[in-house]
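My structure is below; once you've seen it, I'll send some questions.
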Amino acid sequence: MSRIAFFADLMGTLFERHALGAPAPSRTPVEELCAALLSAPGEVSGVRLARDILSHYRAMGADERADFFRHLATELDLDADRVIAAATRYRDGGGPSALADLCREAEPRRQELLRRMNQAPGATEELVRMRLDLLRLLPEAPELAAIDADFQHLFSSWFNRGFLVLRHIDWRTPANILEKIIEYEAVHAINDWDDLQRRLRPSDRRCFAFFHPAMPEEPLIFVEVALCKGTPGSVQALLAEGRTPLAAADCDTAVFYSISNCQEGLRGISFGNSLIKQVVEELRRDLPALRRFVTLSPVPGLSRWLAGIAPDRPEAARLLAAGAAADPETMAPEVQTLRRLTAEYLLQARRPDGLPVDPVARFHLGNGALLHEIHALADVSANGFRQSCSAMVNYLYDLSQVETNTEGFLTGKVVAASKKVQSLLAQGSTTGRKS
Amino acid sequence: MSRIAFFADLMGTLFERHALGAPAPSRTPVEELCAALLSAPGEVSGVRLARDILSHYRAMGADERADFFRHLATELDLDADRVIAAATRYRDGGGPSALADLCREAEPRRQELLRRMNQAPGATEELVRMRLDLLRLLPEAPELAAIDADFQHLFSSWFNRGFLVLRHIDWRTPANILEKIIEYEAVHAINDWDDLQRRLRPSDRRCFAFFHPAMPEEPLIFVEVALCKGTPGSVQALLAEGRTPLAAADCDTAVFYSISNCQEGLRGISFGNSLIKQVVEELRRDLPALRRFVTLSPVPGLSRWLAGIAPDRPEAARLLAAGAAADPETMAPEVQTLRRLTAEYLLQARRPDGLPVDPVARFHLGNGALLHEIHALADVSANGFRQSCSAMVNYLYDLSQVETNTEGFLTGKVVAASKKVQSLLAQGSTTGRKS
Amino acid sequence: MSRIAFFADLMGTLFERHALGAPAPSRTPVEELCAALLSAPGEVSGVRLARDILSHYRAMGADERADFFRHLATELDLDADRVIAAATRYRDGGGPSALADLCREAEPRRQELLRRMNQAPGATEELVRMRLDLLRLLPEAPELAAIDADFQHLFSSWFNRGFLVLRHIDWRTPANILEKIIEYEAVHAINDWDDLQRRLRPSDRRCFAFFHPAMPEEPLIFVEVALCKGTPGSVQALLAEGRTPLAAADCDTAVFYSISNCQEGLRGISFGNSLIKQVVEELRRDLPALRRFVTLSPVPGLSRWLAGIAPDRPEAARLLAAGAAADPETMAPEVQTLRRLTAEYLLQARRPDGLPVDPVARFHLGNGALLHEIHALADVSANGFRQSCSAMVNYLYDLSQVETNTEGFLTGKVVAASKKVQSLLAQGSTTGRKS
Amino acid sequence: MSRIAFFADLMGTLFERHALGAPAPSRTPVEELCAALLSAPGEVSGVRLARDILSHYRAMGADERADFFRHLATELDLDADRVIAAATRYRDGGGPSALADLCREAEPRRQELLRRMNQAPGATEELVRMRLDLLRLLPEAPELAAIDADFQHLFSSWFNRGFLVLRHIDWRTPANILEKIIEYEAVHAINDWDDLQRRLRPSDRRCFAFFHPAMPEEPLIFVEVALCKGTPGSVQALLAEGRTPLAAADCDTAVFYSISNCQEGLRGISFGNSLIKQVVEELRRDLPALRRFVTLSPVPGLSRWLAGIAPDRPEAARLLAAGAAADPETMAPEVQTLRRLTAEYLLQARRPDGLPVDPVARFHLGNGALLHEIHALADVSANGFRQSCSAMVNYLYDLSQVETNTEGFLTGKVVAASKKVQSLLAQGSTTGRKS
């Protein structure tokens, strides 16, 4: 591309004069461009250089990308000695200007590079994909983790909650967005456009997503909602093909039955909590008859935990055997045992840090939800039987309680649970267990 | 407000348990809220706390605000000793995790606080205003400069070129935006709605502004453009009331006659260069007949410079005297002298760092523009006579030259100028000056 | 214009072959174009001919326009003999095809011409203006009234209620729409943009307009609304400059204090009734606390009526004298008399057809409103004193009563009035009058 | 429904007083509502009555709908005697007021009813469906044709070209619109969403539709366009799954390969001509490299015509036999014969009125297109072989010629054809035929 040639040329002259030190003879064109972008005064020529770097990057193979990341990791790092020197000056009374020096020195130069690359049109999306490449490299190249910290730092700032936009997703949404909903659905797969339509079009269904203004065609996270009378105990019933939709105004319960993160490249930047709470507020405003906001959530770690205790607990072994049959009739006699052991799992199985073993539980309880109800035969798909012997759970979002619950969960490791769930456990303790 | 009472309460319990150290008895409610927001895990309850802090801030008087900033400066600073320790660990081979520690330690905690405050709806705009309060305090409280560095760092990231949206401003623009154009115009004041209409409605006028998605009703910067045949040499002619508009398609020259920054709270975050270049591209696409993109710019430092040299240079003294009359006829005989001295001023009057004394010149030349033409009797308003004896200047934006020009200006301190302007100087050297 | 030359040419060939009869030698170019447009098969070349006719029309002076209308009136009329023949065939059992012939014959050909002219972009607006030209000609050229019936027939169909769009007008509305609000306000003049802002921006003000999709920048009619606590009795109080706005949610009364038709060219196509009712529904949905929807209306015919009865009724003469002073203090002692006579005027002064003399009363009562309250010193402007001695009136819109009221008004000539207003009259009968 | 009860009640009182004559005892509720709507003064209560009539109509079965239409046909007709009387008065010098009477008398009262029904929200769409019901009834109830004339008259006015909006249809279009594109495609069926995506998403595909503002989610007609280099001769090649899209800017030819009317209820209101011409203008503006605008059209009547001449023309019989094999290899030797006979069919096979037998030819030639090229093996689907032995045709739209062509076609019955097509025929005359 002649534009790159032009820049290669330009660089020649430019770098001799600039205080960048002699360019290493081994520098690749993209490394030259990065150096130029970092040395460009202010915003001058930034957009053009940024665009060129991104177009170089797109054309790279896997090995070149790894090299590029290594370049960022080593050549565009901070200099610890200069940080120490600056920090010492500041500690010794250097005042604001010493602090400014320190802050500048303590930021790896690649951070500024990424910020400048973001000036190009469409760059934000490309940088999110670039980080995804990096995440996939990390297992074999753990030394690149440092770069990931920079991505994460920048993305936290750019994808700040205050910049996100909540949008309704429905059957009037542009098709290019909808196809991404199909693609990104992570909990209960959407098979095709007809399936999608069943989730978006009926009067008792809702879907909401967060978007960022710089990536207007890429949802960041979305939640699917079913409006119901009463709390449903089965996801298959919820998604059944033939069902008759309810009038939204008649419903008293909103069920969050699927929450999917869309951008792997934004891993670690969490949107779910904000999304749920904003959707609760939105639904409450539109549909004043709604009284209850619950999830219908999987219990992904249950079977694994049952397998762990099965040697000592015959009822766990029985459950696993029934689950393996993947057949509701086989499970039917064990329904009560399943509910009881699920309660035990969620309330008592803890990680070393004292928080529950179950990741979905950690997410919702950390958000301030309460463990509201446990259902057997609630997910009778092959996967449902496999991961949790068909059990599913409702977490309840009561906005007036979420702060207290969060506080209790994070500091006291308290799992907020309804009386009903607690009594399951009690029942278990007295009748079902012999330990 | 009872919500604050609730939090005060919450804080009680919360802070005892949290590792925040004992809350100083003297902490104000807003300081408590800040501590709570910083200690809130992830996004939990952030929006609510952020909103409360901002509403507290809004209610504060000037003294309380100064206290609040002092709190940010002292209590929410970084700890230089911890930075040194972390930097030492990293230097000594601590790897990515040591780097992560270092980056965290080296960021003043108030930065994270500001990021979290930004989660509240409308917060970005309020934070920009908050920084404006700070900027106004700085002259008397220079120790707060450290905070300003944090604001500037965050704003650079948030108001990244990649996030800005260019919008046409015309007579179809909502009135609430237009009234801000009237308010923010900084170069040639807009007197009222009729005056505004004369700048926006005619077929040969354009206006463009940058907006940020989180502040959709607040322009960040805007530029007013006149489409002309040939390069105009008088702003009064450009803005005359009775003139007959040209058909846009017939024009060959676009004149940027006014560029105004709108948000004082974003001082130091520069948008002008990007705006001009994007507007050039936009206009070129819409109106292929356009051949020339120039400014019609003031020369704000000219009279001051003339006063400086007047003791040695009788022609400078003559010009100042004619300027003081603020009357075109008086100035008429000096027109050639005025043009020549303006050329000398712009090409030769330099700051210690070698760049031109004139701030407008520094801006456009730094953007890569070329000094194209100098006009006498070009701004015959009282202000025009006062600041530059009525002289104005065209800077030419030729996108194919801007990078070279910028490079030459910044590294070689070269002022790119047309032959015509250079010859003015030559003429001056030989005939007009005796030194 | 060469395109017209082209058509003139085309016409030559075209008309010889077409069954249009020999073109009269005196036909003007625009008449030729009209003939061509009418003879064009289907939509073929219609847009182009329509555009040409409209551009011809725009260029015409007043006399040419009158000639053009005369051409429509005489040459493009229906043929009564053919109508009679077709009607006879249909009466005598000709069936659907005879009916189709009849309908075609009974429609003046200019109607189809106008329909075809409407194919050109922007034509609807131009046809509305064309009718306005016609309306202004009618007083001197009553024979053209026949054309006006065709315009009215078409406009009734095109501007059918089902095609209109209700839009909020506020301070975020584009300036080109707002300047039309200033221009078209017919009841209480809007002096400038500041005055406009006072009517649109405060939290307790609303404005709504009907638009037609083919004229998206031209309001058809708009209503200005003040939200109040209680029913106001003075328009000056409502529009006062210094007042403190109320929170909309606290208001219990919506006051329609100004309704303006914008398009004189749509005279006779009435939108006001629909507008008021749709705005009532809109406001009720948004602001459930609203309990009362009233107008604050002028009484334009009062002074004239008082003058008529003054010879026999000394109190009427007194009122007129006090009104002539145009001074609240002079009127103060007569307040009760003024209210009583206003009640008498509105309830008892009738036209030969039995409906009230007052045109504003006819409008609102015909819409189903009820005469709710009468205020003295309610419009203390010069105009207010002149037309109604400062009296104004509230008409109440209670949607559950409007149909009954309309029915009663139109068939039984009943003026629906509150007890309070009726008692004014009673009071008058017994105490204030001696007849 | 109680609202209807309310009206039934209201009607009781209302009709006694109104000059509607005694209501026939047999009137159904919806007939009462129609009478009420027609008698309602101005717009009063119209919306409500209109809504009720439409909701009644929706609930009707087929027989009731037929009764409803019969009611419109007989009870709400015009009165021929009154028309004759009015026409006579006008002929005898009655002037504008006599003309107004005549116009009113000569319009069947159901027309005003339909206009008033259109005031209800969403009514336009329902009236279009109502006419579709009527069209389906017509074959068995030809006496209802009179009503259809009224529908057609109103729809011509409402769906005037000037009110239609052209919209791009692409992969960003809302899904609820796209599913209608799938449903309404009438030429080359769209199998599913993937197929749709292949027609909308590639850089060398376009789709445009007309919409009416009162039916914003219902396309009226749409055209699918392929951008090509050169004129394509096969629809299968155009729609092939694996093909590599071209850059739009490189294409020189736009091919209209499918035009579908969407609303059967708008039969007889023609949009296709306007659509094609406006799309040509739109494409020309966006893609200046486009030089040629052609269709790739079916020849639906070809096989039928071949069958008619086969007894006398052995080559026609041969073609039909090859076509019946529905196999390209079998057809290959006959390619030249097929092209020749297609030319003969399109140029020479005429209806009694002198216009071509082929309906697609009549449409495009009537629009002013020219028969540009004939392709064998151009549609090798089963249907393609069946209806036209695989032949397809390009009609060329040259906007500078369309008016002349239309004129020649409609008045002189001239089929505009390229030299190439004409030479096919000549070749046929001399070598292929023996007559």
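As written, the chain order gives the labels A, B, C and D, with residue 1 at the start of each chain.
In the analysis below, a residue touches a chain if its C-beta (ideal position, glycine included) is under 8 Å from a C-beta of that chain, and two chains touch if they have at least 3 such contacts.
None of the values given here were measured: they were computed from a predicted structure.
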Going by the stated contact rule, which chains contact chain C and chain D alike? none
Tell me which chains count as touching both chain A and chain D. none
Max Cα-centre separation from chain B goes to chain D
Between chain B and chain C, what's the gap in Å when you average each chain's C-alpha atoms? 50
How many angstrom between the C-alpha centroids of chain D and chain B? 58
Quick one: chain A and chain B, Cα centre-to-centre, how many Å? 37
Which of the chains touch, listed as pairs? A-B, A-D, B-C, C-D
The residues of chain D that touch chain A in their complex are 171-176, 178, 192-193, 197, 217
Can you tell me which positions in chain A touch chain B when the two form their complex? 10, 13-14, 17-18, 41-48, 77-78, 80-81, 83-84, 87-88, 90-91, 95-97, 99-100, 102-103, 106-108, 115, 118-121, 123-124, 142-146, 149-150, 153-154, 156-158, 160-163, 165, 213-214, 270-271, 273-274, 277, 366-368, 402-403, 406-407, 410-411
